[in-house]
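One chain, subunit A, links the two complexes that follow: it is found with subunit B in the first and with subunit C in the second.
Moving on, here comes the complex of A and B:
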C-alpha cells in the first residue's frame, strides 16, 4: 500500500517536475510566468505521434524533442520577446493566448480524439510491493536522468554559471560581459526540451490529446510556486511533494469518508491556494517578494 | 432571421457585461483575473438551482450576485499578499476548482449533465414576444451594469483604483487602503459578472460545467484587450466586435466543408490570433484610455 503510494507519486511527480523546472528557469531569468509552457509538452507528444509513422519510437521521440526546442526558440523570438517588452500584463495575457492558439491548432490538425504512439502491450511488474509497468519505470528513469543532466549543466558548466548570473541580476550579468540573449535562448531550449520529454512520456503511458499539457497547468504551477518561482531544486522537491500529497489524499480513508478519484486535480489546486496564502515565497525562499 | 439577430444581440449584451466586469478588475485595479468565468458560473448555477427548486429565477439571480460578490471580496483579500502572477494563477485555480466541484455534485448541480429547463426570467411569453422581451431585459441589465461601472469609475474608488494600477506603492503612500479598494472592485465585478451569467443561464435555459471552461475567460480577456483596457466603452465595443466574429462564424462549416470540431478550432484560432495581434501591434485597443485630470 505504502509502496504503491510512493511509486504512484514518483511517476506523477516525474511528469510534473520536468515541466516545473522549465517554468521556473524561464521565470528565474526573465521574471515571466509562461502559461503557454505546458504546450511544449503537447507539441512534443503530437510531433512524436506523427514521426512514429515513419521512424521507430525512440527516433520519433528524439525528433519530437528537437521540434519542441525549435518551436520554443521561435516562439520566444517571434512572440514572447515582444510581449515581454510591452510589460508583465501583456506577457501574461499573451501567453494564455498562445496556449489557447496552440491547443486550437493541434485540434485543427489532429482532431479531438486521443492519438496513440504505437507501443506494445505491457505487463506490470512488482518492485518492492508496488505494481509498475515498464513504461512507468522508464518514465521515472528518463525524467530523473534529464533532471540530473539539467542540474549538472546549471551547476558545473560555463553556460550554467551564466544562467545563474542572469537569474541573480540581469543588469550586473550584462555589464560583466554575459551575452544575455544567448543565455535566454539556451534557457528556452532547455525548458521546451524538458517539457517535450514529459509530454512524450505521458503520451506513451496513455495517449496524446489537445489538452495534454494544459491539463497539467495547475499542478505544475503549484509545484513551481510552492518550490519558489526561480528555484530549480525547490521546483523538483515540490513536484514530488505535490504528487505525494495527491496520492495520499486519494488513498486516505477516514471512517469510510474518502476523496473520490475525480477530485485528483482539485488536490493540486487546494495545495496551490494554501501555499499562496501561507507561504508565497516558496519552500526554499527566504523572503516574501512582490512580483 | 430576426431570431438569429436577436440571439446574437443578446449574447453581445451578456459578453459586454462580462467584459465590463473584467475591465473593472483589469483596467481599474490592474488585476488580471484568469478565473472570471467562475463569477458568471455562480450566477448561472444560482439561477438554475433556484429555478429548479421552485424558488424562482429572480431569487436565484440575487443569490448568485451576492455569492459572486462575496467570492470577489475574498479574492480581493487574497490579493493582499499576492503579486500579479500569483494572483492570476490563484484565480484560475479557484475557477477550475468550482468547475470540478460542479461536475462532481450530481444532486445539487446536475454533475456533467448540467441542469436543463431553466425557467426564463421574462415569464411565459413565446415567439417574437419572447425574443423581444429577452433582448430588452439583456439591454436593461447591460445599461444598469454600465451605469454602475461609470459611476464607480468617476467615484473616489475609481480614482484610487487607477492610482493603484499605475503605482501601487505610491497609492499606499497617499494613504489609500489598497486591499480594501481592490476587494470592493472585485466584489462589484463579481456581482456584474454573476448578473450576466444568471441571465445567460435563463436565456439558454441550460447550465453545464462546460460553460465554466477557461476558454470563456479567455474570450472575455480578448474583448477587454481589443476594446482597450481601462475604458468602459472599450469593453462594450470589444465585446461586440469579438462576439460578432466568434459567434458570427459559428455556421461557416457549410461553406468551408470542414468537420465540426475543426470549425470550432478555427474559430478559437481566430480569437487567439486577434488577441495576440492586438497585444503586439495595438496594445491600447480600439478605444485608448487617456490620462485624466484628477481633482483632489
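Moving on, here comes the complex of A and C:
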C-alpha cells in the first residue's frame, strides 16, 4: 500500500515538477506568474501527435520539444515582452487570455476529440510492491533526468550563474555586463522545453486533449507557490509533496467513506491554502522581516 | 526587437499551426460509401426541415457520426418514397461538440434560423436534458436518440425518446450479472446524469437479487488518466467489473484496465458499442457486455447500412437516429402540419404498434419508450459479436 502510494506520487509528481520548475524559473527571473505556461505542455503533446505520423515516437517527441521551445520564444518576443512592459499584473492577466486563445487554436486545428501518440499497451509489473507500467517507469526516469539536467545547468554552467544573477537583481546583473534579454530567452526556452516534456509524457500515458496542460494549473501553481516562487529545488520538492498528498487523500478510506477522485484538483488547492497560512514564504523561502 | 526576429517568430507560429491543421485534415476519415443512397422521388416539391444536434466532434464523435448516418439513411428512404406532406424531408445537423453550451447554441441556431418544428439529439444525458428543456420552453418537439437518464421523463409533454432509459438498462445488466454467477461487483461510470443513473439502477437491482456492490467509482470526463478510480475498484476485490464509458475516455479507461491487469477478471460493459470501437483491441479482447438490439446483424436495416457505408455498424446508435426520423415523419404526416404541438400529439399514436429498426417504438404517457430490446455481446478479435 505504502509502496503504491509512493509510486503513484512519483508518477504524478514527475509531470507536475517539470511544469512547476519552468513556472518558477520564469517567475524568478521576471517576477511574472505565467498562466499560459501550461499550454507549452499541450503544444508539445500535439506537436508530437503530428510528428508521430512521420517519425518514430522518440524522434517525434524530440521534434515536439523543439517546436514547443520555438513557440515559447516566439510567444515571448511577440506577446509577453510587450505585456511585461506594461507591468506584471497586466502580463499575468494577458497570459490567461493567451492560454484561452491557445486552447481555442488547438481545438480549431485538432478538434475536441482526444488524439493519441502511437504506443503499445503494456502490462504493469511489480517493483518493490508497487504496480508500475513500463511507460510509467520511463516517465519517471525521463522527468528525473530532465530535472537533474536543469539543476546542473543552473548550478554549474555560466548560463546558470547568469540566470541566478538576473533572478537575484536584474539591474545589478545588467550593469555587471549580463545580457539580460539572452538570459530571459534561455529561461523561456528551458521552461517551454520542460513543459513540453511533461505534456508529451502525459499524452503518452493516455492522449492529448486541448485542456491537457490547463488541467494541471492548480497542482502546478500549488507546487510552485508552496515551493517558494522562484525556488527550483522548492518547486521540485513541493511537486512530489502535492502528488503524495493527493495519493494519500484519495487512497484514504475511513469506514467506507473516501474522497471522490474528481476532487483531486481540490486537494492541491487545500495544500496550497495550508502552506500559505503556515509557511507563506514557501518551503525553501526565507521569511522577510519588516522593520 | 529587430524586424527579422519578429518575422521569424511570426513565421514559427504560423508554420506550427499550419502543420497541425494540415495534419488534422488528413486524419478526417474518408467516406467509404459503396452504394449511393436511394434517389429522391422526383414528384416531391418543397421541403420540410427537421433539426438534429449531435456530437460530431469531441470525445463521443464516433457515436455522433453513426447517429448522423442513421438520420441520413432514414431521410433518403423517406424521400425515395412519398416524402413528408408530399414534400422532401431534410434534416439540418448541427455539432454539439459533446458540450452543453455548444448543444444549446446549436439548438438556438436551428430554432431561430432554420425554424425547425422537431429537434433530434443529443447523445450524452448531460446535454440532452438541457436540450429538451430548451425545446420545451420554445414549444418545440424533441426526440432523444442516445441518452438514457431517467431525468428525461421530466423534460416536458413535447419531449420523446426512441431509446429505453436507465432503469431498463440497469435491470437487464444486473439480472445478467447475477445469472452469470457474480455476487460481488465493482462499478465504474461517468459522473453525470447518465453514469449516476446507470450505477444506481444496477446497484438497486443487483442488491435486490442478493448480490453486493463492493465499490462504485464515478469518474470526471476528459481527464488524462483514470488510474485512481480504477485502483479504488481493484482494491475492493470484486468478482467482476461493470463499466459504462464512452468515446475516447472509454478508450483510456480500457487501456488502463488492461495495463493494471484488471482485465484478468471478467469485465461487463454496459453499452459496449459506446467505447469498444475507440479502444485498443488488445485492451477489450474477451470482454462481455450488452447493448441495444439495433446492433444485431441480419436485419434489413443492417444490410441497408452495410450497403451504403461499406461496413458493419460502428455503434448501436445509428438505429435510434433512423427511428427518430421515421417517427417524426409519420407524426407530421398524421398531423397534416408541421405545428409542433400537433406533431407531439400524433407521436404516441403513430408509435403505438410501429416496429422500428431498434424494436417496438410505443411510448408511454411520459413520452418514453415502453420496451427496449437488448443483446449480449463478446469482443472477439477486436470486434463485438452479439448473440
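Quick notes on this structure:
Operating definition for what follows: the second predicted complex is superposed on the first by the 287 of 291 C-alpha atoms of A that agree within 3 Å, B and C clash if a C-alpha of one lies under 4 Å from a C-alpha of the other, contacts with A are read in each partner's own complex, and residues count from 1 in each chain.
As a convention for this text, contacts are C-beta pairs under 8 Å (C-beta built on N, C-alpha and C of every residue); 3 or more make two chains touch, one makes a residue touch a chain.
Bear in mind the structure is a predicted one, so any value in this text is a computation, not a measurement.
By the touch criterion stated above, A:92 is placed in contact with subunit B alone, subunit C being left untouched. When the shared chain is aligned, subunit C comes close enough to touch A:209, but subunit B does not. In the superposition on chain A, A:73 makes contact with subunit C only, not with subunit B.
In the superposition on chain A, contact of A:112 is made with both subunit B and subunit C. In the superposition on chain A, A:100 makes contact with subunit B only, not with subunit C. In the superposed model, A:260 makes contact with both subunit B and subunit C. Under the contact criterion defined above, the residues of subunit A that touch both subunit B in one complex and subunit C in the other are 105, 108, 111-112, 260, 262.
Looking at the complex, you find that subunit C touches subunit A at residues 1, 5-6, 9-10, 12-13, 16-17, 19-21, 23-24, 26, 57-59, 61, 97-99, 191, 217-220, 222-229, 231-232, 247-249, 251-252, 255-256, 258-261, 280, 282-283.
Touching subunit B in their complex are the following residues of subunit A: 33, 79, 82-83, 86, 88-90, 92-94, 96-98, 100-101, 103-105, 107-108, 111-112, 217-218, 221-222, 225, 229, 260, 262-263, 265-266, 269-270, 272-273, 276-277, 280, 288-291. Interface of subunit B with subunit A (complex): residues 26, 30, 32, 34, 78, 81-86, 88-90, 92-94, 96-97, 100-101, 103-104, 215, 218, 221-222, 225, 229, 259, 261-262, 264-266, 268-269, 271-273, 275-276, 279-280, 283.
Per the touch definition, subunit A reaches subunit C in the complex via residues 4, 8, 43, 46-47, 49-50, 53, 67, 70-71, 73-75, 77-78, 81, 105-106, 108-114, 121-124, 131, 133, 202-203, 205-207, 209, 211-212, 215, 247, 250-251, 258, 260-262, 264.
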